[in-house]
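In what comes next, chain A is part of two complexes: it sits with chain B in the first one and with chain C in the second one.
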Partner chain A sequence: MTLILNSINKQINKNWIIQDLSLKVKDGECLAILGPSGCGKSTTLRLIAGLEICDSGSIFINDEDITNISPVDRKIGMVFQSYALFPHLTIYENLSLGLKIRGISKKESIRRVSSILDLLKLEHLSTRKPAALSGGQRQRVALARALLRDPSLYLLDEPMSNLDAQLRERLRPELRRLILNGNQPVIYVTHDQHEAMSMANRIAILNDGRLVQIGTPKDIYKTPASIFVASFVGRPQINLFPESAGLIKGIRPEDIFLDNKGIDFKILYTEWLGTNQLFHLDTSQGRLRMLCNADISINSDHKINWKQEKLHLFDSKTKLRINNG
Partner chain B sequence: MLLIWSLSPLIWQLYTSLSTPEALTRPLEINEFRWTFDNYKQIFQANPPFVRYLLNSLIVGLSSTILTLAIALPASYSLAKANNKVSKISKIILLASALFPYFLLFLALLEFAREMNFGNNLLALCIPYSALCMPLAVLLLTAAFKDLPNDLEEAARLEGLGLINRLRWILFPLIKPAIASTSILVFLFTWNEYPIALTWISKSELITLPVAIARIAGSSVYSVPYGAYAAATVVGALPLLLIVFIFQKRIVSGLTQGAIKG
Partner chain C sequence: MNYLLLTPAFLLILLVFVLPLIRYSWMSMHSISVITGLDYIPNNGSNWIRLLNDDRFWRDTIQTIRFAAFSVSIEIVLAIIIALLLSQRIKGKGILRTISLLPWALPTTIMALGWRWIFNTPYGPIDQISSLIGFGTLDILSNPDLAWIATVIGDVWKTTPFVALIILAGLQTIPSDLYEAFKMEGGSPLQSFIKITLPLLKPYILLSLVFRLAQAFGVFDLIQVMTGGGPASSTESIAIYAYLNAMRFLDFGYSATIMIASFILLITICLFTWIFYNKLKSKLSI
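Take a look at the complex of A and B:
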């Protein structure tokens, strides 16, 4: 199954939310849509789900034009950021409601719901209401509901953003086991770049409703297409030098190293990050961040240096990349 | 203090209803015939019996409540969903009409009733009643619909629930507290409403509670039967207290909690 977005546009209250967006997601591929708040990533999901209608452009699943068909007929499994579990129904009822409405026999529905509860280790909670569940459990119920749809496409809208960091780490492999190993395309919206990089085969970066770059996590990190991508992806943030001769140069903090030759520096302050430490430096080229091993020791005749090929070069007018790292 | 303030008229009423007329006029003289159920006997044995008025009011109250909800629920849903000029203007008009003193309307309503032959028809009373309650009901229910997270309805749409199914399985159950409180307000209004009931209904076996109570009070030119009057008000207030007690839990229970992850 393949999802294709063909130059879709969406305007809400005369503001362009999505402009000329085209994407292709193949069988079993996980595409993360990454971008700052308000970049249109949630709207993109809603357009694919059919909760909003495109102003122009078209959407295909498996060569079938679904641009104008209703959300139900698109057969989409969606996990909402808020999980959107029905608070007045028990977990069992939450999961079986859709099956009942879609005319599936009671016997069959019991069988399907219990097998999914079993798969997600939720059986013991089936008579509880969502309010009595923990965040992680609610997220799994929302996932179960999406799985029960037997969808041709999964849409995950910030599925982990309301969970604490530890839980996220535990749920990632589970999410991969349940969804990412299937042969349906998965679209994963997030504003967390670590999550995007760890879950997705490819990442699409959106800014102001436009697609700025799409590629594998490695591509995006190594050859960011614009200043926006370069500074949006990668923590600690890339160092950008002041403009000179129509060029803006950038260097990632981990590509700066201590050397015998290079430029002088003064340490402003240090952030201890566990395995690494981040130095904030004052140099003749402006303030720079340098990421080093935690056990490094600096002496007074150290200078900082970097390899020329690690530099990212951007046009100062278009803000686009000009070298092919 | 607040309790005394709000309860004392009720207690006085109860006391009056259980006292003989002599005890009421000479409260300080100790009298062995002080307490009596005669007042209650009197109103229940009158013709038509007092139960009849209770029943009349119940019929009017229930029919008005049902009619109001039947119109207000779909109207509020669409007002809550639509976000255009028309819906904004209609909300302002609704608010304005909710503030309009309905007393000014009852003469016009009387003409309307005469024209439509609605006089002496209990069910017809629910037309002006639900019309008068409509602005408040729509405003309350619109607010309730608006408070529901949009995600819930969209999740239901993705699950294949059409509009009717969404209302039936998701939205109505979730705004139950608002529906309950709206119903109570409508019911209270019809239970207590006097001028329209007085002018539309003249047959003594069809009059509603407030009119009946007023008739008891004004039944004699020379004396006011305080005891019977008080007994009538006590009997009239009991069903209301009962309803409020039954629905209290529903109103208070926070049904939407847990819909959104914390």
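Take a look at the complex of A and C:
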């Protein structure tokens, strides 16, 4: 199963939300859509789901044009950011409602719902209302509902953003086991780059409704296509400083190291990060961030240095990458 | 010490609510009329025995319940429709919302006069139109079988906006992604109204039911202005009957009895609705 977006466009209130977006997601592949808020990532998801209709362009699932068909006929399993569980129904009713509406027999519906409840270890909660569940449990119910659709495609809209960091880490393997290991394409919208990098096979970065870069997490980190991508992906943020007219240099904080030769520096302040520490330095190149091991000690002879091949070079006018990593 | 801060509110309730209730209960146990020279003469509950055997009181009770039941249920159905319309993404929504609230903002007396004129025979628009299309004058306000319907129409016109406002507030608490999730599961708009909107609106519907029942049960000004309780007392409500006993028959003891009786009836009705409401609320855990 393959999802193809063919130069889709969407305007809302005369503002371009999506401009000329083309994507291809293969079966079993997880594509994360990453971008700052307002970049159009949620709209992209809604266009694929059929909750919004494209102004132009087309969407295909398995060579079938679904651009103008109704959301239900697209057979998409979607997990909403808020989970969108029906508060007046029990967990069991929440899961069986869709099956009932689509005319699946009661016997078959009971069988399917119980097997999903079993798979997600939710049986003991089946008679409870969503309000009586924890955030993690609600998220699992939302996943269960998407799984029950036996969809040709999964759409996950910030599925973890309402959970605390600890729970997120615990749920990642589960999400992987249930959805990412299937053979449907998965689109995973997030604003959290760590999540995108750890979950996705490829990442698409959107800005102002345009696709700025698409590639494996490693590609995007190692060879950001523009200044925007370089500074959006990677924490602590990349150091950018003008090299000469028309050229901007970038160096990741972890690629700066202490050396006998190089440039002088003064420590402005230090951030202690546990496994390592982040130094904010004042140098002849301007203010730089340097990431070092936590146990390193700095003496007065030290200078900072970096390897030339670690430099990212950007055109200061087009903001695009010049060198090939 | 903390309770000291409650004193103003407590005093207010005591003065305008508890004291009159005690006083009227006290009055209902006495004969107080022109015959007694407005002196309080204990009569061992004969007011209450008279009330139990008073056909006019019971007929008025049934008429009041009929008025309340019809106007409140029509108001709620209309209010749901109006609230659904007003919650759509339409141009000029703000202006529409304001306009739809206008009837509620009008003083009841003024709008009741308006409705009396609309139903006027033969000059009101309704009779004019029916004469024009050949039905002759309808003469609704002087027909004992129909006049109450005119009062229900007046009440519906005035109070639907208030109910619509409560329902609209309720509609806005329903997140839009519930509808979207339901749509993706294959639900039609009608199904989503029945399966999502209505169940989630239930607490708001019951809330307006309690508010409106209490108000409609004590209806006075609208009927006093539109029909004065007539024709042949066919639109007379309990409040009008109590008013007549005090102001026309100058029988204050009996008037107080009627008021206390209607208070007890109303409290019972509201209590049942409230219990039902709370049960539903905890069930929905909203």
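Heads up, the rule we're going with is that the second predicted complex is superposed on the first by the 324 of 325 C-alpha atoms of A that agree within 3 Å, B and C clash if a C-alpha of one lies under 4 Å from a C-alpha of the other, contacts with A are read in each partner's own complex, and residues count from 1 in each chain.
In this section, a residue touches a chain if its C-beta (ideal position, glycine included) is under 8 Å from a C-beta of that chain, and two chains touch if they have at least 3 such contacts.
These numbers were taken from a predicted model, which means no experiment stands behind them.
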item	value
Superposition on chain A - do chain B and chain C clash or fit	clash
Touched partner set for A:G135, first chain B, second chain C, both or neither	first
Touching partner for A:F279 - first (chain B), second (chain C), both, neither	neither
First, second, both or neither for A:N162, with chain B first and chain C second	first
Which superposed partner A:Y92 touches (first chain B, second chain C, both, neither)	neither
Contacts of A:I101 with chain B and chain C, given as first, second, both or neither	both
Touched chain A residues, chain B compared with chain C	B
Which superposed partner A:F80 touches (first chain B, second chain C, both, neither)	both
Residues on chain A lying within both footprints (that of chain B and that of chain C)	49, 51, 71-72, 76, 78, 80-82, 84, 86-88, 97-98, 101-102, 129, 131-132, 145, 149
Interfacial residue positions of chain C with respect to chain A in the complex	175, 177-178, 180-187, 191, 195-196, 199-200, 283-286
Residue numbers on chain A that touch chain B, as the complex places them	46, 49, 51, 71-72, 76, 78, 80-88, 97-98, 101-102, 129-133, 135, 138-139, 145, 149, 162
Complex contacts: residues of chain A adjacent to chain C	49-51, 71-72, 76, 78, 80-82, 84, 86-88, 97-98, 101-102, 129, 131-132, 145, 149
Complex interface listing, chain B residues touching chain A	149, 151-152, 154-161, 165, 169-170, 173-174, 255-262
